[in-house]
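Labels for the chains are A, B, C and D, by order of writing; each one numbers its residues from 1.
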Amino acid sequence: MNRADPEAAIAEAAKLCSNWGRWGADDVLGTLNFLTEAKRREGAALIRRGASFSLSQRFDLNGPQKGWRRRTNPVHTMLDTGTDAAAGLQGFPHGIGGADDVIAMPLQCSTQWDGLGHIFDHGRAWNGRDAATTVTAEGDRVTGIEHMAAHVAGRAVLLDVGRAVGGGELPDGFAITEAHLTATAETHGVAVGRGDLVLVRTGQLARARRDGWGDYAGGPAPGLSFTTAQWLHRTEIAAIATDTWGFEVRPNEFDHAFQPLHQVVIPHIGLLVGEMWDFEALAADCAADGVYECWLTAAPLPITGAVGSPVNPVAVK
Amino acid sequence: MNRADPEAAIAEAAKLCSNWGRWGADDVLGTLNFLTEAKRREGAALIRRGASFSLSQRFDLNGPQKGWRRRTNPVHTMLDTGTDAAAGLQGFPHGIGGADDVIAMPLQCSTQWDGLGHIFDHGRAWNGRDAATTVTAEGDRVTGIEHMAAHVAGRAVLLDVGRAVGGGELPDGFAITEAHLTATAETHGVAVGRGDLVLVRTGQLARARRDGWGDYAGGPAPGLSFTTAQWLHRTEIAAIATDTWGFEVRPNEFDHAFQPLHQVVIPHIGLLVGEMWDFEALAADCAADGVYECWLTAAPLPITGAVGSPVNPVAVK
Amino acid sequence: MNRADPEAAIAEAAKLCSNWGRWGADDVLGTLNFLTEAKRREGAALIRRGASFSLSQRFDLNGPQKGWRRRTNPVHTMLDTGTDAAAGLQGFPHGIGGADDVIAMPLQCSTQWDGLGHIFDHGRAWNGRDAATTVTAEGDRVTGIEHMAAHVAGRAVLLDVGRAVGGGELPDGFAITEAHLTATAETHGVAVGRGDLVLVRTGQLARARRDGWGDYAGGPAPGLSFTTAQWLHRTEIAAIATDTWGFEVRPNEFDHAFQPLHQVVIPHIGLLVGEMWDFEALAADCAADGVYECWLTAAPLPITGAVGSPVNPVAVK
Amino acid sequence: MNRADPEAAIAEAAKLCSNWGRWGADDVLGTLNFLTEAKRREGAALIRRGASFSLSQRFDLNGPQKGWRRRTNPVHTMLDTGTDAAAGLQGFPHGIGGADDVIAMPLQCSTQWDGLGHIFDHGRAWNGRDAATTVTAEGDRVTGIEHMAAHVAGRAVLLDVGRAVGGGELPDGFAITEAHLTATAETHGVAVGRGDLVLVRTGQLARARRDGWGDYAGGPAPGLSFTTAQWLHRTEIAAIATDTWGFEVRPNEFDHAFQPLHQVVIPHIGLLVGEMWDFEALAADCAADGVYECWLTAAPLPITGAVGSPVNPVAVK
């Protein structure tokens, strides 16, 4: 890997990892095609205790966004309040009162899925489509996140690389390699394979909780090495998610680069990528009982034409 | 039930059905307390084929909202597009391009959960709290939907009253009684009990899809009769959802009233209520295989202080 | 004018009316260049009584938008309320309380200016610029409405064509020609010339107020004939505004067309166009005193990169 | 003035300065009642050269808001772009293309007017009204900013206290007293009186432009001393605006206080207050020609029920 030439490295990886055409010209699901009914049955068997865990950060103004790419934290306001209701100001009969609310937020502001229309390589979107006509100001006219609405439920594996390799947390700039992933899985006693939803904990979110957000949204972070592209392709996993802003290691592993692994895995592999997930409660439980696999439902809101979605993933063990 | 006196009927039902104090003074979960780990194990056993179904409508401007109570349809806009990326306008290195998006929407605009802070009775919120200090312009300071983030996963039962009683669809204004619910469950061969997530299909959404929205958002609709309050309490279900705008029958069963059943079930029973769900695909499958129970995850977005949340419920059979 | 060939008619008009290059390659003001300091002195002399008039509709959910092109009415919500303040819930010292609010709205939803980046002709924006690189998902990177912030104050002329030609209101579909404009000015005893802000009242808004919005936003309307393009160019006016949704007559005067006059006047003439203005109070006053000219300030909000702006124009006589 | 007892000082000032009932029980204009037609004629005479100045900051994400009271900077997004138009993706006939946009913003985020419903004193709003029923979650049901739409045009006086007293800029925490105001007016050779729109430049915005926003939104700032309440009342000015976030000096002049001058001038005097205005260009011009009075139009957007409005004030000399 030539640090000075990300473009060549990306082209090489893209060629080795391409899934274009694998599920037909009309495909809108990418690696979610690996998540079969059989995989769901396998995942369901992992619900042993019935304990459930939310893997979502809270959506509010106390999030990490600082305006980069016009990404802001969610703004939640009330249309009606209990205060008004109690004061008899709402005009409803027989003592009923109500409260309603609204939200305005970037779909990429907190715990999220990146849809297939989120990243392009030289003007090409997933499956080789023309980015220009696929994702316009109208939204994603082909691969909108709404197509994934029913699919994201199955077997999940937590790879707590932070604990297994970092003694709790990985430092910013730490590049997680295939060797780290494999060693972590081995330590945990779990296998990763076709159709799995892979959760990679770095520990950075725990650090941000303790020390303040700092540059959590876009700054230095532990994350997947560019060199894991082939592992992500070869294992045929259905999706991957991390507890960091951007899934891959930051700064990126080239002299002048921006999210090169995204450029391979989304448009070429068709991989569903989750970011800013909160694994803390689940990871503590896994560390306690030694079981690093579970049932996971992480259903995006079917916002028509969206290139991503906020999500509250729920894991059940 | 005196049609001329909803206030008395509500007071009577509230008295008979109150769960105030049942789970302590600090409770923020209401009937979700019935959804235990044991219940989740029971639900997990219902994942037999691994087939999954989204029970969510799509979130876009083609929804039914017309501005009542300032409820509008979701507005989704793009921050970056593939068209810009393909035209080389984004300023990123090595050929990477990206698309981002934002949404602005009422939390009650489409497929949703009503949180415990959504409805009040004479200035009282769930568990007897003062509505005035519980849900202010800041949001729900006590029972915000974020507290439910990890909980809504368990056994669901579909009661397709539309099919069982209405031959497909119930007409607008049809009040579903306990007898209808019981008969439907019997026809389906399912039992409803403590901790279940109950899905009641009326067929109105199918009609709206066919005939146009009309007054789907707030107008006449089939729905639960006010008289079901005690059944909803006695069965100790964890949550209920319908395919209509407002869960209960419209027009309401009193001369001058507005959503009287809400006034009992949310503040007094502490019941989680879902509205505008889409049961069409699931119901067709249940009609085909005769199995009306399944695993359901319906995870609200943990929007801090929200009195409701959009949701993409995913059922797995 | 061949009704079957709008494209040729537009090309012909564009050629005859082009102001490209007239104010240099870097121009971002278009016909506002005609609005000189001398013109402002002339306008100031028209402030005789000191009576002021707002020419803005109110911004709220009761507007005419129905979702076309994702244009919605403004959504205004409160961040803090007097109800909360009076209930002592805000946590401020010494009895102070406050209310704040937010708005979400399309910039084209009500009384507005169309900026120079609002309309393109075959991929060309004002002054011959490439539309693709001028107005991206980032906004208008060259001719954003912020550049006009200080300029829109000067002499205005009201042409009440509705009264002068239509006996009060023009019917929908009525095409206002140069002859109508000239006759109206003559009837009013006013001259229209270089640097003027021209206000054309059709009376359609009065009708919508009386009869309901109907298809005010996008449907049939009186408005300027396509044939006025040369008059709009030759008179060297600084801006024009109407009380209709779209400035030009609807349906348009070709068999298959969409706002062909826009396609000439914005990219080629560089004309500032106002829509959905409310002339009712001003027009009644002008009819009463016979004075159809006044001072006008119609200052767009300097939203960086915006292709339009809501505006509250204030006329003073 | 007892630094330890703001509440008593506020009560005393409120008593001395109250305008409650002065313009009748139904008044919705407050001190704008002082801005008469005669005053407008006087102001119009100040348009001598015809030079115009925008006194507005730009509205974009680069503003000073950091989330306090959920105040964020404006978020501007595109609904349609020139890039899409040039790529032929919009589906319009004869080569026309278009761009539309939307904005989401707090009304208090940048250059603004505080409406009469913005601040309360012990649950009382302007004119002695009950804050609880005046400004609910619906908005200001009585004194919404829409009522001021036609009124804010008249004579303005710039008091460049920054230049006259501070040699350019006043330091943060500098309390501007009546003596400073009077001395500045004298230096400038202008008189301040009934119906005037008074513009007070501190120079803090110039400093923020040079040094970065820092805590411009809410932190230490020069501004009016609490002791100016009686001057603000006695002079019978129509409105006042500053180039700071909060109009009065920060930290406030009591041990534990929050904007005590607001608590007097808005609910008791009924004074229209402007904040975050940009006087830099106008002040430079005034310093150059020695003329510190001008015509000013500062028209709020008539957002129904709003307690404030963004504004682009335009001064003409």
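The rule we apply is simple: contacts are C-beta pairs under 8 Å (C-beta built on N, C-alpha and C of every residue); 3 or more make two chains touch, one makes a residue touch a chain.
No experiment lies behind these values; they were computed from the predicted model shown.
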Show me the overlap between the contact partners of chain A and those of chain B.
C, D
By that same contact rule, can you tell me which chains touch chain C and chain D alike?
A, B
A-D versus A-C: which has more C-beta pairs touching?
A-D
Looking at where chain B touches chain D, is over half of the residue numbers used by both copies, so same, or under half, so different?
same
Centroid of chain A to centroid of chain D, CA atoms only: how many Å?
44
Would you give the residues of chain A that are in contact with at least 2 other chains, written as numbers and ranges?
62, 70, 75, 77-81, 83-84, 87, 89, 102, 104, 132-133, 136-138
Which part of chain C faces chain B closely enough to touch in the complex?
61-62, 67, 70, 72-73, 75, 77-81, 83-84, 87, 89, 104, 132-133, 136-138
Using the touch rule from the top, collect the residues of chain C that touch chain D in their complex.
6-7, 10, 36-41, 43-44, 47-54, 56-60, 62, 69-71, 74, 76-83, 85-87, 92-108, 117-123, 125, 130-140, 146, 149-153, 254, 256-260, 262-263, 281, 295, 297, 299-308, 310-314, 316
